[in-house]
Amino acid sequence: MNSLLTFPKGGVHPPESKEQTQGLAIEVMPLPDELELILSQHIGAPCTPTVAKRDVVAEGAVIGTVSKGLGVPLHAPAAGKIKDIGMSAHPVRVSAPSITLTVDREATPAAYPARDWQNLPTDELLARVAAAGIVGIGGAGFPTHVKLRPPADSPVDTLVLNGAECEPYITADHRQMLESPAEILTGARIILKILGIDSCHIGIERNKPDAITEMSRVVAEADQAGIVVRPLQVKYPQGSEKQLIQAITGRKVPAMALPSSVGVVVHNVGTAKAVYDAVALGKPLYEKVVTIAGQGIARPANLLVKVGTRVGDIVNYLGGLRPGLAKVVMGGPMMGFAVSTLDVPITKTTSAVLFLGEEEIDSNPHSQCIRCGWCLDACPMGLEPKEIGLYVEANRPAETAQFGVFDCFECGSCAYVCPAKRPLVQFVRLAKMKAKR
Amino acid sequence: MILDMSKRLILAALFVWLAPSFALAEGIIADQTFKAANEIVVTFAAPVDRAVVEEVNNYTVFEEPDPDIRLVLQQVALAGDGRTASLFFTEPLNTATTHVVRIRGLVGGETTFKVSKSYFGYLFGILISALLINNFVFTKYLGLCVFFGTSKKKTTAKGMGVVFTIVAVVSASMSWFLYNFVLIPFDLNFLQIVVFIGLTSLTVQAVDTILRKVNPVLFNSFGVFLVLVIANCVIIAIPLIMAGNGYNFFETFMLAIGAGGGFLLALYLMSSVSERLQLAKIPPTYKGLPIAFIVAGQFAMAFLGFSGLQLF
Amino acid sequence: MTNDKSPLQLISRGILSENPIFKLALSMCPAVGISTTVMNGILLGTAVLFVQVFSSVTISVFKNYIHPRIRIPTYTLTIATWVTVIDLVLAAYMPEAYAKMGIFVKLIVAFAIITMRLEMFACKESVNDSFWDGLGMGLGFMVGMVAIGLVRELLGSGAILGYDVLGFKPLLFFILPSAGFFVVGLMMAFFNWIEIYYKRRRGVQ
Amino acid sequence: MRDMITIVVRLTISCLLAASVMGLCFIFTSNAKKHNEHVKEQQVMYELLGYSGAAERPASLAMHELYRYVVSSGGRQSIGYLLPGAEGEEAGFLFVNIDLDGRLIASTPVALSAGDALEAEPRNRAIQAAAGPGASVTFADQTIVVTDGGERIAYLMGGKFQGFKTFIHLMLAVDPDFALIGFEVLEHEEDPGLGAEIVEGYFKNQFKGKPFTAIKTIDVVKAPIPDDYYKALTGKVGEEEILRFREQYKEKDIYALTGATISAKAVAMGVKGIVTKFAYRIDVLDRVLQEQQLATSF
Amino acid sequence: MSKEQVSGEQITAPAALWKVSVSPHLKSRESVERIMWTVVACLVPPLILSVFIFGIQTLLITAVSVLSCVLVEAASQKALGRPVTVRDGSAVLTGMLLAFVIPPGVSPLLPILAAVFAIYIGKHLLGGIGYNFFNPALLGRAFLLASFPVAMTSAWLPPVEGFGIFAYFGASVDAVSTATPLAVLKEQGLAAFTEAFGSGASLYGSFFLGWRPGCIGETSGFLLVLGGLYLLYRGYITWHIPVSVVATVALLTWIFGGEGYFAGDPLLAVLSGGVLLGAIFMATDYVTSPTTRTAQLVYGFGIGALTVLIRLKGGYPEGICYAILLMNPLSTVLDGWFKPHRFAPPAGGGR
């Protein structure tokens, strides 16, 4: 029954649409002319620039740090000169403070020879992860080193490696698992060592059989007891932290609590790779595998790009846009953000840029709720999105707390199934905002 | 097998439920009941003489108010167990009245017993009638001001309903005593209205005082409704109906519980609906009371489904 | 509350701007329950009018003798007295009408509108004004009842005041009690609509 | 404390005032009430007998109230009748106690004024006295014997039975042969448009003129009323036609009300029960009166 | 993403180039129109069959009903200043269902009045689709039953002979009307029922296929079940409500429906009235039924129990219409009682 692992309640089956890019090997994108590094790459405190305008920086040099609060440093993805410290386009907030770097194409790429990590103390390993600026690559971008230091009162006994990649279109993790399984596994072992535990589950959805085979192979080769590959059912949102933990370990993370409260830490496979890079090679996180797909792009691809690359540069590299483009989405189609300009840069948490055509999206106007209750069936958190929507529409968002609006992680399953096409996620966001006030 | 088991289980449950009607058994008669339109079934405590029981001429059967009119028995059939006899009559029976059956020739000479619908069933019927069939709000249209005033929120509705039921039962019981032991004997029936409203106010005042002293928390949540109870016509309608129908104490009690419960039910239904209604886009001219009336009218239409219901 | 209103204004206020059924939304049980015919409306309206006027006048006459702490019981007593009187009179002289109105005559005692007028008006104002105010309120109630009764009788039994007007029964539904809710609701909405309409017109001018 | 006393005093005074108002009103209205109730009843009766106005009533018409009681004495039940005595009789009324097999137990003259006889209270007291100590009497029903110049022309009786929803209260008139003269629905709570149609002429008139033989076996049929019969029932044709139809349908069953068979059947069965019971009783009573040579006003 | 949330207004700001909207950017293919029209399509076979059972006038009644519902919907939406959404099929569905629950012998003018009541008062005054508490079609039927009690309780037609679908066209209803099986059973007893309709397998067979007097759309159990199965297959309804309604009716009739206990005929109870139509197409109406599974089971049980109660003890031969109407407002209550299981409550109780 191993192959049928999944979370029990809710979930939807949107078309996977992964065939466009799942067979394409990761391709290194040439350096663009300019990189634009948003100071606030992830959840937590934004960076403070440590460089000034017109400073020359080397590849991998620290250009921003966080003095207080939750955060990680920012590194220069390439050698070059600081052009400006100002504002740039941002996928969510329209504009945000950033550092613009003029790339020095002539500079030799930095080399990162393998280093010994097996004998380093835990503190040193953790320091290396923190210094490399690693954040959770999958979604919200929680600083990884914080996750690796769980609170003392909730001991962690299991590491779950998230290779579910349940969002349609995205194949970045899939390709990484195929192309660098050993690195991912080593990254996982480093994390296990930091945490001082030896149980690791690698969860992969069944629609990636080659990745499952490949990961199983390296796991078998490593011959480390405690590390297992767990094939998962294909169901969205399988890759969500709480759902994945329940699917694999059967434990339920309480509302408003971290996974460590049930003794589990979840990391994305991409994060494990980044940890490997940081600890075993000393390479900070400034590159990212991004899936570029959709009917609106000339050539879909899985690209290894520098953090800070503008979407426009990627489009140019891939041969431009195609007619019929209706929507540009940063991230997956279920949780990503639609953008109105190609000036937005790739951040550490961007896993895909989708150029969706008219047929791929649904642009029908929404109508009144008919109380079909499909959203209740779809919600993996057991909430009542229809009620939240109705209360928000009636301008009474403060009362939605009774329906658990703060448990919602905005996976979009409800809005996906809604036959009235109601923007339920937007209602939830509005409710959260107003209810907090 | 399972069918049989479930059959037995359900029968057992029914037995427990119907047990009070078995308590009426006396002497050599274990049970007697109306069955089909023209049939009375008698169960004897022990097997009886078939020849005696099956002889039609041994019987005298009449309706209690008409002892001179004998009902014509067509046939009496004793079942194989020798205990259960079915009395078939030529005419359908009027099951609303009590029937007196007299059998001659059994042990002890003459055996007389009465067949009537279960009194508990009748009392229960009053309760169900006040609760559903003649629901005070949806089919008798009483207590509307308070109904519309307190049916906007579920918590308010529940509070009002509960307080109302308590006051209704207490004041109706008191009214019954006063009516039967003071008003009727002294021919003061014309003071009905004053006495009933006075008793109601008194009850409300008493509940108010007691609640304030005994449970201030409860008082804080329910106290506001107490004033409204007096303005509710249902509370005064209960003793008036009691007086009009000449109910005895148990009947009055059941009526009061049924009326209170029915009011609570109506309030609860209406409030759960109004909470949803507040989210709706109501045309401005209908906002507030007009739409509440229209919804209540729809409820009243649904409650028409109970009309003509005769449980017992 | 200072009173500078003429009898006419007091009456029109009761009928129009503070109509007990459509505006104050009080005493709605009979408005729904027995408003099936115009006659019922007139009869119950008369009974209410009588109780209201007599109670108002009584309270107004004795207003200086009523101890403030037993104000409400006194009102209740007064109303109950007059309700008993009208109940007895109707039972004696109009037994048929009395039978039709059933329990509602006795229930006048629980009408919020009467107590409210006593509390808000009669206990402060002169006997004369109280009389007119009571008359206005009573008439307002009667007008409301008659209006509802008119709609229901015409649509329900095709008649007005018992005289067959249409010659057929258009919609039996309207003499069913549940229709009372709809008719009252729709008429209230109609009054609201008029009010909104006039306010808008006044706003434009 | 002073406050308390004022309150109590004033409350007492107002209570007394209110009580006197109500009491006075009660005294003034109670007689009118009794009178009016009776008038209404009589009006229904006369209408049933076919006299629409007071003028048409012949002076020779007389109504004789007949009260029936159930008497229980020593575990035995019997039927007691309160009859108006013959003209000129001293006592005015006669109490006749008949056992269940139709044999006279006792007949006692009862001194009771005509006015008191109409009132339940004094009448019951008089009956109790007449029945003797140890007997309990329960009022059962009341029938009116109508005579015209000493000749019985009709019996009027009330009856209450279960309808579709609640009770239906009827007043019936039968002729001396127990053929139905007609009935009037006094009270009912049937559904408007359905069971409430029992008050309509086309239903009530079906019963008119039904002989006792037909009433004893009466039932309802679920079929639409033939058109010409319907016309006759609603009085849309001439008097002769109506009589012809009445004759034609005399022995037939009653056509049920569409959609309200239960109400129609309830009325038919109710009428049947009332009339058959009455016929049996009046026969017994007449026989006893004749055997015992008891004189009554009818 | 940052801690500061972005307001919805900004998110939906018109894009310069492409559509910008909140996630998710994928929506399933299902829509309200699709659901409604599919249900309407499922009701067409029973309607066609009813033409062969009760004659061509059923088609006329249905057409009038649908048309008046659509017109009333459009008119009310216009009058109330709302977007006109007659294309979504919900008014058509209401019209179909309204026609399905009235006797085949009534005047075609009746559904017009019912449509005004059902759509305007029952639905649009309360806020339009999704905000009504009572099933509009059944509300319309209840209105007709109250307004035209005689027609609504007696205009039943016996199935036509052969293919004489024009037999009743223009004929006087009084002359041909009959009684529904349930009415015969209730008013005249089992013996009369057996005499009128027969018994045994052939009875069940003809009842299941629809050859019996009854409302326009309620008789052909077979096609209704087929339609229901298709809706189940499409995932538009779940089994919970229909199965619990039918099972409750069958069980309670078996227990209480006969002489003595456990002597009722459960199969006959399900086939002889409107239970199948009610359970599959009326009780499952999204707007007026509960959303969680447990609540749906309780709701279905309530409908079944009330149906049997009204049939056996109440004033009407068939109770499913009022049973559904009585349970409709309870659906919100039931939803409140049986909330979906939250993923996990906050540790230590919660807010």
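Order of writing sets the labels: A, B, C, D and E. Residues in every chain begin at 1.
Methods note: a residue touches a chain if its C-beta (ideal position, glycine included) is under 8 Å from a C-beta of that chain, and two chains touch if they have at least 3 such contacts.
Just so it is clear, the structure is predicted and the values come from calculations on it, not from any experiment.
Colleague: Among the remaining chains, which ones contact both subunit A and subunit D?
Modeller: B, E
Colleague: Average the CA atoms of each chain to get its centre, and name the chain whose centre is farthest from that of subunit B.
Modeller: A
Colleague: Comparing centres built from CA atoms, which chain ends up most distant from subunit C?
Modeller: Farthest chain from subunit C, going by C-alpha centroids: A.
Colleague: For which chain is the distance between its Cα centroid and the global protein Cα centroid smallest?
Modeller: That would be E.
Colleague: Count the C-beta pairs in contact for every pair of chains, then give the pair with the highest total.
Modeller: Of all chain pairs, the one joined by the most C-beta contacts is A-E.
Colleague: Let me have the rounded angstrom distance from the C-alpha centre of subunit C over to the C-alpha centre of subunit D, please.
Modeller: Subunit C and subunit D have C-alpha centres separated by 38 Å.
Colleague: For subunit B and subunit E, let me know how many angstrom lie between their CA-based centres, rounded off.
Modeller: Chain centres of subunit B and subunit E, defined by C-alpha means, are spaced 33 Å apart.
Colleague: How many Å are there between the centre of subunit D and the centre of subunit E, using C-alpha atoms for each centre?
Modeller: 49
Colleague: Which positions in subunit D touch two or more other chains at once?
Modeller: Residues 18, 22, 25-26, 164-165, 191, 193 of subunit D each touch two or more of the other chains.
Colleague: Using the touch definition from the top, which residues of subunit C touch two or more other chains?
Modeller: Subunit C, residues with two or more chain partners: 73, 77, 80-81, 84, 88, 172, 176, 178-179, 182.
Colleague: What residues in subunit B touch two or more of the other chains?
Modeller: 190-191, 194, 279-280, 283, 286, 291, 294, 301, 303-304, 307-308
Colleague: How do the chains pair up in terms of touching? List each pair.
Modeller: A-B, A-E, B-C, B-D, B-E, C-D, C-E, D-E
Colleague: Which bits of subunit E are touching subunit D when the two form their complex?
Modeller: Residues 148-150, 152-154, 174-175, 179, 187, 315.
Colleague: For subunit A, which residues count as touching subunit B in their complex?
Modeller: It comes out as residues 390-391, 393-394, 396.
Colleague: Using the touch rule from the top, collect the residues of subunit C that touch subunit D in their complex.
Modeller: 62, 65-67, 69-70, 73-74, 77-78, 80-81, 84-85, 88-89, 91-93, 95-96, 169, 172, 175-176
Colleague: Using the touch definition from the top, list the residues of subunit E that touch subunit A in their complex.
Modeller: 1-8, 10-13, 15-28, 30-32, 34-35, 85, 88, 90, 127-131, 286-287, 290-292, 339-347, 350-351
Colleague: Hey, which residues of subunit B end up touching subunit D in the complex?
Modeller: Spelled out, the residues of subunit B in touch with subunit D are 65-69, 92, 94, 96, 190-191, 194, 307-308.
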